[in-house]
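Here the structure comes first, spelled out in C-alpha cells, and everything after it is commentary.
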Amino acid sequence: MISISLENYLKKFNEIRRWTLHLCEPLQKEDYVVQPMVDVSPPKWHLGHTTWFFEQFILKKYMSGYTEFHPDFSFVFNSYYESIGERVLRIDRGNMTRPTVDEVVKYRHYVDTAMKEFLDINNNFDDQLFDLLNLGFNHEQQHQELLVTDLKYILGQNPLFPVYTSKKSGNVDDHYLEKLKFLDIDEGEYFIGYNGEDFHFDNEEGLHKVFLHKYQISDRLITNREYMEFINSGGYKDFRYWLQEGFEFINTNKIQSPLYWHLIDDEWYYYSLQGLEKINPDQPVTHISFYEADAFSKWIGMRLPTEFEWEIAARIYSPKVPLDGNFAEKEFFLPQPRKINNLQFFGDVWEWTNSSYLPYPFYKKPDDAVGEYNGKFMINQMILRGGSCATPANHIRHTYRNFFHPDKRWQFTGIRLAQHI
Amino acid sequence: MISISLENYLKKFNEIRRWTLHLCEPLQKEDYVVQPMVDVSPPKWHLGHTTWFFEQFILKKYMSGYTEFHPDFSFVFNSYYESIGERVLRIDRGNMTRPTVDEVVKYRHYVDTAMKEFLDINNNFDDQLFDLLNLGFNHEQQHQELLVTDLKYILGQNPLFPVYTSKKSGNVDDHYLEKLKFLDIDEGEYFIGYNGEDFHFDNEEGLHKVFLHKYQISDRLITNREYMEFINSGGYKDFRYWLQEGFEFINTNKIQSPLYWHLIDDEWYYYSLQGLEKINPDQPVTHISFYEADAFSKWIGMRLPTEFEWEIAARIYSPKVPLDGNFAEKEFFLPQPRKINNLQFFGDVWEWTNSSYLPYPFYKKPDDAVGEYNGKFMINQMILRGGSCATPANHIRHTYRNFFHPDKRWQFTGIRLAQHI
Amino acid sequence: MISISLENYLKKFNEIRRWTLHLCEPLQKEDYVVQPMVDVSPPKWHLGHTTWFFEQFILKKYMSGYTEFHPDFSFVFNSYYESIGERVLRIDRGNMTRPTVDEVVKYRHYVDTAMKEFLDINNNFDDQLFDLLNLGFNHEQQHQELLVTDLKYILGQNPLFPVYTSKKSGNVDDHYLEKLKFLDIDEGEYFIGYNGEDFHFDNEEGLHKVFLHKYQISDRLITNREYMEFINSGGYKDFRYWLQEGFEFINTNKIQSPLYWHLIDDEWYYYSLQGLEKINPDQPVTHISFYEADAFSKWIGMRLPTEFEWEIAARIYSPKVPLDGNFAEKEFFLPQPRKINNLQFFGDVWEWTNSSYLPYPFYKKPDDAVGEYNGKFMINQMILRGGSCATPANHIRHTYRNFFHPDKRWQFTGIRLAQHI
Amino acid sequence: MISISLENYLKKFNEIRRWTLHLCEPLQKEDYVVQPMVDVSPPKWHLGHTTWFFEQFILKKYMSGYTEFHPDFSFVFNSYYESIGERVLRIDRGNMTRPTVDEVVKYRHYVDTAMKEFLDINNNFDDQLFDLLNLGFNHEQQHQELLVTDLKYILGQNPLFPVYTSKKSGNVDDHYLEKLKFLDIDEGEYFIGYNGEDFHFDNEEGLHKVFLHKYQISDRLITNREYMEFINSGGYKDFRYWLQEGFEFINTNKIQSPLYWHLIDDEWYYYSLQGLEKINPDQPVTHISFYEADAFSKWIGMRLPTEFEWEIAARIYSPKVPLDGNFAEKEFFLPQPRKINNLQFFGDVWEWTNSSYLPYPFYKKPDDAVGEYNGKFMINQMILRGGSCATPANHIRHTYRNFFHPDKRWQFTGIRLAQHI
C-alpha cells in the first residue's frame, strides 16, 4: 500500500490540514460551538477530533518523546472509540465552550509541528504506519465533508440565514437535461469491491463476485423540477409510495419537502451556503432521506439501484480516473445541473441505493481500535455511492461505500433511478 | 395456483380456524386482553383480526347479501391497512376490553358460518379468490404463531409464572450434540426465490440467480450450553463483539441473557409454556435478538449466514418434503435437542441471517390492499429462516422469508453459524 | 376515636366490602384487567389492593396464627408503601392477567372470613387497632371512588362506549339554575382543620387559625351551559386566561373541551356511565383539569376559592350533618343540576381550589407505614374539596382534603367561583 | 411611584447596563452561545433580551421616529411574551450562532444611545412610563443574576473547569457558626405584601393579613458541614425523609449531593466561579433542590418556614435598610460563612420556603404584556426568599418573592429551618 514517497506524504499532510482550516474561514467564533441536532458536531470539535486522531494513533504510539498537548483532550475529542476510553457524550459536544477555538487551533499547530518533524526524521516506515497515515488523511477528508454539512445545518436553521460563500457556479449553458435516459447493463457475473494498492476502507475489501440480472440505470440525477412534480402531485400524502416507517417519519416530523426548502408566497426557496434563494429547477434534488428517494422512485414507477448495480454501471460508463465531477474543491457546495459530458456518477450528491450496509463476503473487522472504524456500524443503515459537492475529489472511488440511516437528510443526498426491463 | 379442490378448501378452512381456538383453550378470560409491550397483541385481538380478514377481503367483496357482523369491528380489528381506513392505534389494542372474548368468539362463528356457506355454494372461483383464500389461511397461520409468542410474553412477565401446557417433550435419547460440524457448499450461481404452483408470499417471488462463494454452514443450531459459555466468558460486556447499536441496546435495557432467563441462586432457569424450570443445556438457545446472535457468532470467530446461503444449504441438505421438524403441531412450543437424523433447518427456532429484508430483483408490490402485506416493511428489518416450534408445519417452505427488527426477542429466534474457508 | 361498638365495626366492614363488589357487578371479566393510562388502576387491582391492606396491616400483625393467602400477593397488590417492600411497578398493573378475577374474589373471601373471625373473637382492641380498622374502611372507600372513575375511563375510551348502568336521575323539576349568586363571608380569624373524635386523615389535623379577608363564593357549581359559552367564545385559544403550563398542557394534548366530550355533527355529546348521549346543559361541568377550571374563572373575571375560603363557606352555609348531596349511593355517577334547597358544596363534583396541597402548621407525618399515606405527596398537587357523585356519603367531611395534580381530568372535578369585593 | 429624578434615572440606566457587560468580561466568545440545559440561556441571549425589553416596551412605543435595530431581533430575543408574537423556541436558544456577540453588543449600544437620548429630551413622563423604566431596570437585574448562574452552569459542566474570577473572599475571622440558634416569633395577625412607593413586582401586591401561630426560625443558614452530616448519615438513601416525587427525582437523576459537588479521592470538592476546590465547611450549602432542602429539614426533625413566616421574621429581626449581605457587588458569587452581626436573611443564598407560588388575595394580573411577567407562572413552583450572592443589592426587598420548580438546582439556593414549639 506504499504508493507515494514520504516527501509526498508530508505535502499531502500539509494540504489536507490546510484545507480543513480553509473551510472554516467564513465562520464566526460563535459558529464553531453549537450542535443543533445530535448528528451535527460543532466545527470546533471537528478541528480537534481530526487532530486528536493523529496524536492518538500516530504520535503517542510512534514518536518517541512526544508529549501530549493537554491531558484532557483525549476525553474531549474522542468520538466513539471504546478501546481508547471514556469520552464526552455525543449529545454534549455542543455544550463544550472550552477549549476555545483559539486553543483548538493551537492544538492543531502543536500536533502539525510534531507530525512534520516526525515525517521528516523517519525514513523507516512500516506498513502499519503507512496505513495509519493514509487513514488519518482519509479520516480528515471525511470530517471535511461533515464540516461542510454540519455548518450548513448550523447556519441553515438560523432565522437570519447567513451567507457562507458568495461563490456562484459559473456558466451552465452546456447543461444537459433532456428527458431521463437509461444506460443498459447486461446480465452476468461481476466483481465487486476494492482491488488495488491504493488507500481504501476495510468495508470495500473482500473482492467477490455477484450475479446481476440485466438492468437499466438513469444517465443523470433527478432534478428539483422532477421532484417538485412529485410534491405537486401529492406524493408526500399518498401512503402507497412509502415504506411504512418512512410514512411515519414524514408525518411525525411534518416533512413535506426536502430539508432547507421554504415555501414563501407560493414559491419554493432553499437555503444553500450562498444564502436563501429561489430554487434552480435544473439542479439535482438534494437533502432528502432514503425514504423520500425510495418514495419518489415508486411514484415514477421505478426503483433505486442496488449498490452493486451502481458500482458496475459507474465502472462501465464512467471508468475514467481521476474522476470528474462537482467536488468540494469547486467550493460551490451545491449540486449543479448535469453537463453534457458527465453522467453525474461522481460528485454533486451521494446517491441512495436500495442496499443495506452489510459486510462483504470475506470482510474481516481489524482487531485494533481501527476496527471500530466501520464494522460496528453495519446495521440499520443504507449505502450511498458516488460522493457529493462537499467530498474532496481524491477521496472518492468507484468502490467507496458511504452509509447513513434512512432518515438522515442533512448530507448532500440525491436520487438516481434503476429498473429491470 | 389452484392446487386443491373446493371441498379440500372447506376442510382446510375448518382445520385452521379450529386450531386458532385450540391454542386459546388454556387461557383465562383475563389473558385475552392485555398488551404488555407494543409488539404483542392481545389474544382477543388475534381472534378478531384473523376473522376480520375473511370478512373484509372475501365476504364483503364476494358474497352477495352478506351483512357485516358489527359496523365498528373494522375499526377495532384492522391492523395496518391504510387502504381500508381508520383503525385503533396499535398501542391501544391492550386497552380495548370490549368487545368481550365471548363476543369475539360469536363474531368468529358468524363469519365461519358465512364462509362455509360461501364455500359450499360457490363452484366458480376465479384465481384471485383462490389467492385470497390461500392468503387468509396463511395469514391466520402467521397469527397462530404470534398468538403463541404473545401469550408466552403475557404469561412470562407475570410474577406467578403460569403454566400453559403440561405437555413435555418425550424421549430424547437419540439426540445428537457432538461438537459442531459443518456442511460444505460449493461456489457457483444458484437460483433463489419461489418457483412453483403452491401458495407463497409476494416477497418470495422474483426467482433470480445469485453467485455464492464457497462456504460452510453448521449442521445444527447453537445450544443453551454453548450460549452459557458466551455469557460466562463475559460476552455481554465486551464491546468488540457487538454492533454499536446492539451494544447500546443491551446496555440501555440491561440485557445480560436471553429473554425469559432468570438467574436464581446462581443457576439459570427459564420460563417456558411449561412454567419456570431449570434450563436444559442441550436445547437450542432461543429468544435472542439479532444483536445477540451476531455477537455470539463474532465471539466464536464466525458469522451468521446470509439468507441466500441459508436457502441453498437447506435445499441441498434438507430437501425432503413434507418438511420434518419440531413444529407447532407437537405442542411443545419449546425448541428441542437436535435428533440424529435432523439438521434442524426447519422448526425449533427462526434462524437470524445477516441479510436485511429487501426486495428481490423482480419484486413488484401488488396494487391492492394485499400490497400492504409485505412490501412496505422492507426497511430496517433482518431476515429469519426456517420456522420455529410455534410455526404450523405446512406453513413453512425453503423459500419462506420472515423478518423482524434486530432488537426483537419475543419470537422463537436462534443461531446457526457460517464461515468462508 | 372509639366511636362505634365492635358489633357495628363488623357491620360496617361487611357493608363496605360488599359495596366494592356491588360496584363491579356490571363489569365483564375483561374490564377488570386493563390500565389505559398510568393514573388508572385495573378494577381487579383495586379489589386485591384493598384486601391486601387489611391482610397486611391488621391480620398479619394482630391475628395470631393467620396464614397469608398467597406469598406473592403482597408483591402484586402493594401500591406504594416503600416500608413494606418490593412491588409491581405502577405502570405494569395493567399487564397482570393473573391472579384472575376469580382468584382475587377468592382472596377477598378468605381475608373477609378471617377479618370477621378476628373482629368476632377480639374484645380488647387498643386505640391503634381501631385507628387501623377505620383507616382500612376509609381506604376502601377511597378506592371505591377510584374504581368508579377508573372503570369510567376504561369504558369511556372504548370505541363501543359500553353502558355501565341504565339508572337515570329522576325528576329534576325542582332544579335551581338562576343566574349565579354569591354568598358573603366576613373578614376575620377562622379555625381550619379537623376537630373531633371521629375518623379523619392525618392531613386534616393541625387545627389552626387563618385570617380571611371578606369574600364571596358562588351558591352553586358552574354548569355545562356556562362552560360551553367559555368554549364558544374561544376560551381554549386565548392565552390570556391560562397559566403558562396549562396552555402548554392543552396545546400539547390537543384539549378543546372536558374529558369525555365529543363534538358530533356540531352537537356536544358526552360519555357517562349511562352511555353516549347529548350533554345536559343544566348539569355541573365535570372532568376538567385545574388548568381549565382556573382559565374559566379568569375568563369570567373571578377566581377559584382557596381551600380555606371553601371550608369556612361550607361550614357556614352547609353546616348540616349528615351531609346531603348527590353521592355514590344514588348510583347516578353523574353530577346533577342544582336543587333548590342545595348549594352543592357536597357531592356532584370535587371542587378545584387555588390552594396547593401543603401541610397544616402543626402537621406531623406518622412514623409507620401509615405515614406514607398522605405526607409524602405534599408537592405539586392542588386541593379539591366536597366529594363527588362517586364518593360514599359517609366518607366526606367539611375538612376533607383531596388532592390531584393540576392536569388530572379523569376524576369528577368541577368549578365553584369566588371573588373579593 | 416617582421616587427618583430623571437625571437619576439616566444614571441608574447607565449603571445597570454597564454592570451586565461587566459580568461578561471574563467570558470567551464561545461561552456566550451555548445552552447546556433548557433552563439555562446563552449569555448572548441575556444581552440581547434585556436590550429588546427596552426597545420593545419603551422605544418602539414612546420614542417618536425610533427605528428598530433589526427586524428579526424581536423574533430572536422575545422570551415568552405571547402578546408580542412568534419567537425562537426556548430549547433552540443555544443553537443560534447569529447574531454574533459583536452584533449583539452593537445592538446594545444602539438601544442605549437611543434610550439616553430619549431620557434626555423627555421631561414629561407619565406614571406608566416610569413604571416601565423601573420594570426594565429590575428585569435587567434579574437577568444579571441568571447570567451568573447560567454561566456558572456552562463553565461548571465543562471537564476543564474554567476559572471565571480569582477574587477570593477576604478575612472571615469574625464568622459566627455556633450551634444553630432560633429566633422566636409570637402568634398573631401580621401584614404581608408590599406597602410603599418604590418599585416592586405585581406578585408582591395585595397587602393582606395572615394569622401566624407562634414559631421559631433559625438564626443562620445551614452550612456545608451540616449538610455533609446529612449525606454521611445516608440521608439521600432513606425514603422516609423525602417527598415521593423528590425521591423519584434524585433516584432517576442519580443525585447524591448538591450540584457542582465532586467526590475526589474520598474528599468533597465543588466547582465555583473560582474553579474547582475543596469545600469550605463553614459556608452555607447551596445548589440544592427544594426536595433536598425539605428532606434535610425532615432528617433534622424540623421543617422549612412558610414564605409568611420568613417575611415576618426577616422584618422583625433584620429590619434595617439598605439591606446588608453578601450580594453580587462583592463579586464572590459564593455564599460566605455567617458573620457575627448578620443573620443571613439577605444575600448568600435564596432560601426555599414550604410555600407554593400562588397569588395574594387581592392580586390582579395586569392587562398588557407586562401581565405575562409573573401571573402566568403561579403553578407548580415554590417560593424562595432573601436574594443570593448573585443578586444586586438594590434589587431585593423583604417582600420579594422569587419562585422556581422544586427540582431546580442551578440557582444559589439554600436552607433555613423553622419549627413550632
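In order of appearance the chains are A, B, C and D, and numbering begins at 1 in each one.
What we mean here is this: a residue touches a chain if its C-beta (ideal position, glycine included) is under 8 Å from a C-beta of that chain, and two chains touch if they have at least 3 such contacts.
All figures in this text were calculated on a predicted structure; none of them were measured in a lab.
Novice: Taking each chain's centre as the mean of its Cα atoms, which chain lies farthest from subunit A?
Specialist: C
Novice: Distance between subunit A and subunit B based on Cα centroids, please, to the nearest Å.
Specialist: Subunit A and subunit B have C-alpha centres separated by 38 Å.
Novice: With chain centres defined as C-alpha means, what is the inter-centre distance between subunit B and subunit D in Å?
Specialist: Taking the average C-alpha coordinate of subunit B and of subunit D, the gap between them is 60 Å.
Novice: With centres defined as the mean C-alpha position, give me the subunit B-subunit C separation in Å.
Specialist: 47
Novice: Which subunit C residues touch at least two other chains?
Specialist: Residues: none.
Novice: Check the chains against each other and report every pair that touches.
Specialist: A-B, A-D, B-C, C-D
Novice: Quick check on the complex: what are the subunit A residues that touch subunit D?
Specialist: 28-36, 44, 72, 75-76, 88, 92, 94-101, 154-155, 157-160, 162
Novice: Applying the document's contact rule, which stretches of subunit B touch subunit A when the two form their complex?
Specialist: Within the complex, subunit B contacts subunit A at residues 80, 82-83, 189, 208-211, 213, 215, 239-240, 242-247, 290-291, 298, 303, 354-356, 358-359, 361-362, 365, 371, 376-380, 406, 420.
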